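Both complexes below contain subunit A, partnered by subunit B and then by subunit C.
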Partner chain A sequence: MNLLRTYILPRILQWALVIFVGISATFLIPRLSPRNPVDEMIGRMTAFASIDPHAVVSMRESATALFGLDGTLFDQYIRFWGRLLQGDLGVSFGNFPRKVSDIIAAGLPWSVGLLTTTIIISWTIGVFLGALAGYFHNRRWSQFLERFVVVVYPVPYLITALVLFIIFGAWLQIFPIMGGSRGEPALTWKYISTVLYFGFLPALSIVIGAIAFRFIMAKALTTTEIANDYVQYAELAAVPKRKIILFYVARNTMLPQVTDLALAFGAIFEGALITEILFAYPGLGFVLYNAIYNADYNIIMGIALLSIVGVATAMLIIDLLYPVLDPRVRLR
Partner chain B sequence: MFTTIRDLIKFSPSFRFGSLILLLVAVMIVLSFFSPYEAGKLRRKVKRNQPPSATFVFGTTSQGEDVFWSTTFAVRNTLTISLIAVTIGRGIGVMLGMLSGYFGGIFDRVAQSAVESFIVIPRLPLVILIASILRGSMTMYSLGILIGLFDWAHPSKRYRSQVLSLRERDFTHTAVFSGMSTVRIVIREHLPFIIPYMLADVISGFLFSIGFEVTLSYLGLADLDSPTVGTMIYWATYYQSVFAGRAWVIIVPIVTVVLMVLGFYLMSVGLGEYLDPRKRLVRLSADAGEEAQDDDPRKEKDDVWAP
Partner chain C sequence: MGTIIETNNLRAYYITKAYGVERTVKAVDDITLRIQEGEVYGIAGESGCGKSTLLRILLGAYQPPLTVVGGEVIYHLEGETMNAADMTEEQQRDMKWRTISYIPQGSMHVLNPVRRIRDTFHDFISAHRDVTKKESFQLTADYLRDLGLPEKVMASYPHQLSGGMRQRVTIALATILWPKLIFADEPTTALDVVVQRGVIQMLKDVQQKEGSTLVLITHDIGVHANLADRIGILYAGKLVEEADTKTILENPRHPYTRYLIESLPSLDSREERLAIPGRPPALDRPPSGCRFHERCPLAQEVCKTIEPALIEIEPKHFTACHVVEEELSRGGEHVYA
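Moving on to the complex of A and B:
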């Protein structure tokens, strides 16, 4: 009960607040701009044909109602929430009249798949390598590894992806540089193998940066952890090194890494967006990219909304899992 | 100040390499003022698509720009954008963090929940939304402002915790009990601790801004007519330089970004080590050769145990 009041409730409140603020921001930002999407749409429609002025007036009215732009700002805001709670994100301007929710739903599984795989891979490898390098920090290989990581870590996701794209996609042509799969979607090895093959480079470009970040953190944590008495005791008691690293040291460094995973989630998500754009991977990033080019604000808004809700929820889940992992939080 | 920098260059290899790289960057910026081309008028000046040669050190682009001289302008512009972003972002962050650290109470609670919400919200989609609405009217400076407005939450949190820890130190209590005014305590006693910390923070702010500038420009959301590292990459991909065998057009800006971020990062690593007093003592007291051993935390432990 105490846990509920001091730990779980504040986090759920924070989650609700974040989503409220974020969604209000995505509502306000396009409306503060001097551009009017209704005018732009009518401009596009009347660009190559002369249309009766009365028709234009009624077109403007129906488009204003369709985009939810009639009434005062407050009215619009209330209706915006009403529609949002029904899962209605409006219609796409570029692919009129396809629904934004349908377009996003088509891209979502690709993004979620890419993100989950890369996060699991990078977290495991990063924590493991970091623990090894922190434990054996005087060895030549660990120093070499650290130098390599220091060079890779500050490089923006876009640049890593671009370099992989140029080397493996364009020059060596080992991996495809466009798309997410080949053939009819089915649960056969033939199809799944193309998914893995097409996803390899996009995943690698995210994993490299994410591993570097995890590694630096894991190494720092391990260096402080091995100063503890129990490590020395274990060494004196001739506990196998493998066991000390994996079951004593690495296990203790995992807790802060889990909390940090919640914080780093947003960054990895942004990285995934960029990677998908670059490799024309059919996830949300690519949908976003096309929307930028078509000035399709509804889709950009939908993706911004979804990413705020998604990232906040993922962080909430990780936060709520924390007491399960750390008994100290449970007992406090 | 100067002795600090000298010590850092002498004892911290990462600071040494970092400052060397940034020196190179600075040389590029200085060169941009002596460019044979006028700023903003680089296109259609030289023969298109020339590979690197003695005349054109880094070759030329499909728009008839000399890649070397564009790079000098690009480095300058990217750093200008980052400078604006860092000034705004850290300005808000420092103010908010210090105010909520010193005032506490309701102000702190409201500010903190705003900061926490802002940290969670993924910035890229929101910035893309704003930038795509402003597209066409975006300038270099508004891009800097936009990036800055999205980079204050993390710094403010860090400054707040710095202030909170400074407030609990003994010397603060001593100053308070000896009747020193609050303003004087902040200026005389606390700022000397915060300023070096700010320096390291500002440097890491540059890292973020450069990355964001490159990303937004690559998406075509920046002012595409002023050369920045990001717009160079944008035009290089626009004219398919990779597939057309004109790799130098894209490799040069990529290497420039990597060098810039690496320089800033290495410098911040060096400064961070300097700011951690335990590590600093170890570094400054040890000779270069013994460094690695003295860094070993278990070694320190042995010394404590020794009678």
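Moving on to the complex of A and C:
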């Protein structure tokens, strides 16, 4: 009970506050931008045909009301929260009149699926290899591995993705170069296998860079860790290497690694922008890109909102987990 | 009672090479020791005189740049005589903790911060004995109780213990398998005097219970006076004097030892204590002749060029000093008295 009041509750309040401030900021920022979505919509409609000026005026009024842009800023803000709490994110300006929540819901599973898989794969492999290479830093294989990673890591993501795209997609034509799946969505192996097939190249392009980053981080953490007295002492006492690597070295590097893992998960809701554009993958990144291109504020806000909640929740979970991960973190 | 560990003309240097410049630090230079079974052997000296290096070599726990360039270390353990240089890595590992153990300097960080004390004990015990977790917990609980440590430390994490308690737990961890030979490196340094006293008592208990041999390294002559049977004084990588504790304290002959003893505060006298003039030499270019001559008030011409040998000036009392040697050959008076 005391734990709830002194440790858990303040963190939940903090979480709510972060989300409130973040959402208020996402409300405000597009309204400070010089681009006006109503003008842009009317601009699109009148670009190829002339419309009666009276009709334009009434169209402007109804569009302004529909987009929630009438009244003072404060009125808009109150209405914005009112709608938000009912789960209404408004309609898309660009894909009028589709609802923002529908558009996001369509992209979400793709991004979540792609990124969850790549984050778990790259984190596990990177941490594991990095810890081993850091512990056996004198061995030839670990030095070879490190040199290889140091060459791979600075290659910009875009280049890696493009090279994969060109080699496997365009030249060898082993993998598809656009889309997320083939056929009707169903829980059959036939459909799921196409999802894996289509997702392979995008996933690979993300995993390569992510493993390299994780490897370098894990190796650096391990290298400082093995110099610690308790590791040296366990070595001296001939404690088995497996135990030393697991419980003395890796266990002590977990705090920053797990924090980073949680943040990566929190950022899933932004999608993988470049990957999704390059491979025309139907995830949130692709949706976001189109929304920015069309000044589609409601969608941008919807995705930003999701990502604020995602990151804040990830931080909350990790904050609540710290005392479990490290006994030195006191429950205050 | 025989010898348990001996070194013969042991030389161990730190050899480093940076940008083509080779640098050799002669941290242990020509040291011959015989440590008897069941005794407490103290090694004393200033910081940087090679105490810890010597210990690392004796333990067989060293890696480049520290290299043994000459001499040998011989263990007489469990009825076998083994030369450290001939032992395989497997044999070395096997010997640790079961027969040879080590209490490290500064136990603030030798316990894994994210592991409960009892799990650390289990790691160390199960590395050498085939025990279940339950058995090693039982073993640990019994041993801690024997040593008078509260049972609740078992489930604690290291950061929950005080410095003195951590040091005691470390001593227990080092000696839980009843090793024959225990090395302790500055076991009481960084503890306040009251806690020091408890730790010294505990070391004594552990040593006497099984008649283990304890090699104690500290710069604190007070601790040596409390624990050691014999003391070897190191100066700049050389053994300069060796005798039983009483002799060292009451009748030191080497000028360096005399300084060490005289600088100790005493309860009876309130006068200011003299510090040893100068500072220990850098060991990459040690002074010629006697390594102490630059700081020695008795230094003569011969001290600057010829290295004095360690000679037995009275039964079981060895010292390496030209002045003492000369004085003995004249059969007479102490030069300083």
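Convention: the second predicted complex is superposed on the first by the 270 of 332 C-alpha atoms of A that agree within 3 Å, B and C clash if a C-alpha of one lies under 4 Å from a C-alpha of the other, contacts with A are read in each partner's own complex, and residues count from 1 in each chain.
Going forward, contacts are C-beta pairs under 8 Å (C-beta built on N, C-alpha and C of every residue); 3 or more make two chains touch, one makes a residue touch a chain.
Owing to the predicted nature of the structure, the values given are computational and were not obtained by experimental measurement.
Participant: After the superposition on A, what does A:A105 contact: first (subunit B), second (subunit C), both or neither?
Facilitator: In the superposed model, A:A105 contacts neither subunit B nor subunit C.
Participant: Which partner, subunit B or subunit C, touches the larger number of subunit A residues?
Facilitator: B
Participant: Taking the superposition as given, does A:E270 touch the first partner, subunit B, the second, subunit C, both, or neither?
Facilitator: First partner only.
Participant: Let me test your reading of the model: by the given contact rule, A:L236 touches which partner, first (subunit B), second (subunit C), both or neither?
Facilitator: second
Participant: Go through the superposed model and pick first if A:Y248 touches only subunit B, second if only subunit C, both, or neither.
Facilitator: Second partner only, subunit C.
Participant: On the A-aligned overlay, A:A55 touches which partner chain: subunit B = first, subunit C = second, or both, or neither?
Facilitator: Neither partner.
Participant: Which partner does A:L321 reach: the first (subunit B), the second (subunit C), both, or neither?
Facilitator: In the superposition, A:L321 touches no partner, neither subunit B nor subunit C.
Participant: Of the two partner chains, subunit B (first) and subunit C (second), which one does A:I174 touch, if any: first, second, both, or neither?
Facilitator: In the superposed model, A:I174 contacts neither subunit B nor subunit C.
Participant: Taking the stated contact definition, name every residue in subunit A that is touched by subunit B in one complex and by subunit C in the other, in rising order.
Facilitator: After superposing on chain A, no subunit A residue contacts both subunit B and subunit C.
Participant: Mind pulling up the subunit C residues that touch subunit A in the complex?
Facilitator: Counting only subunit C, the residues touching subunit A are 59, 61, 93-94, 96-97, 101-102, 104, 106, 108-115, 119, 123-124, 127-128, 157, 159.
Participant: Within the complex, which stretch of subunit A touches subunit C?
Facilitator: 228-230, 233-234, 236-240, 243, 247-248, 251-252, 326-328
Participant: Touching subunit B in the complex: which residues of subunit A?
Facilitator: 14, 17-18, 21-22, 25-26, 29-30, 33, 35, 137-138, 150-151, 153-159, 162-163, 165-166, 170-171, 223-224, 226-227, 232, 263, 266, 269-270, 273-274, 277, 288-289, 291-293, 295, 297, 300-301, 303-304, 307-308, 311-312, 315
Participant: Which residues of subunit B touch subunit A once you look at their complex with the stated criterion?
Facilitator: Residue list for subunit B touching subunit A: 14, 113-114, 116-126, 128-130, 132-135, 207, 210-211, 214-215, 218-221, 233, 242-243, 247, 250-251, 254, 257-258, 261-262, 264-266, 269, 292-293, 295-298, 300-301.
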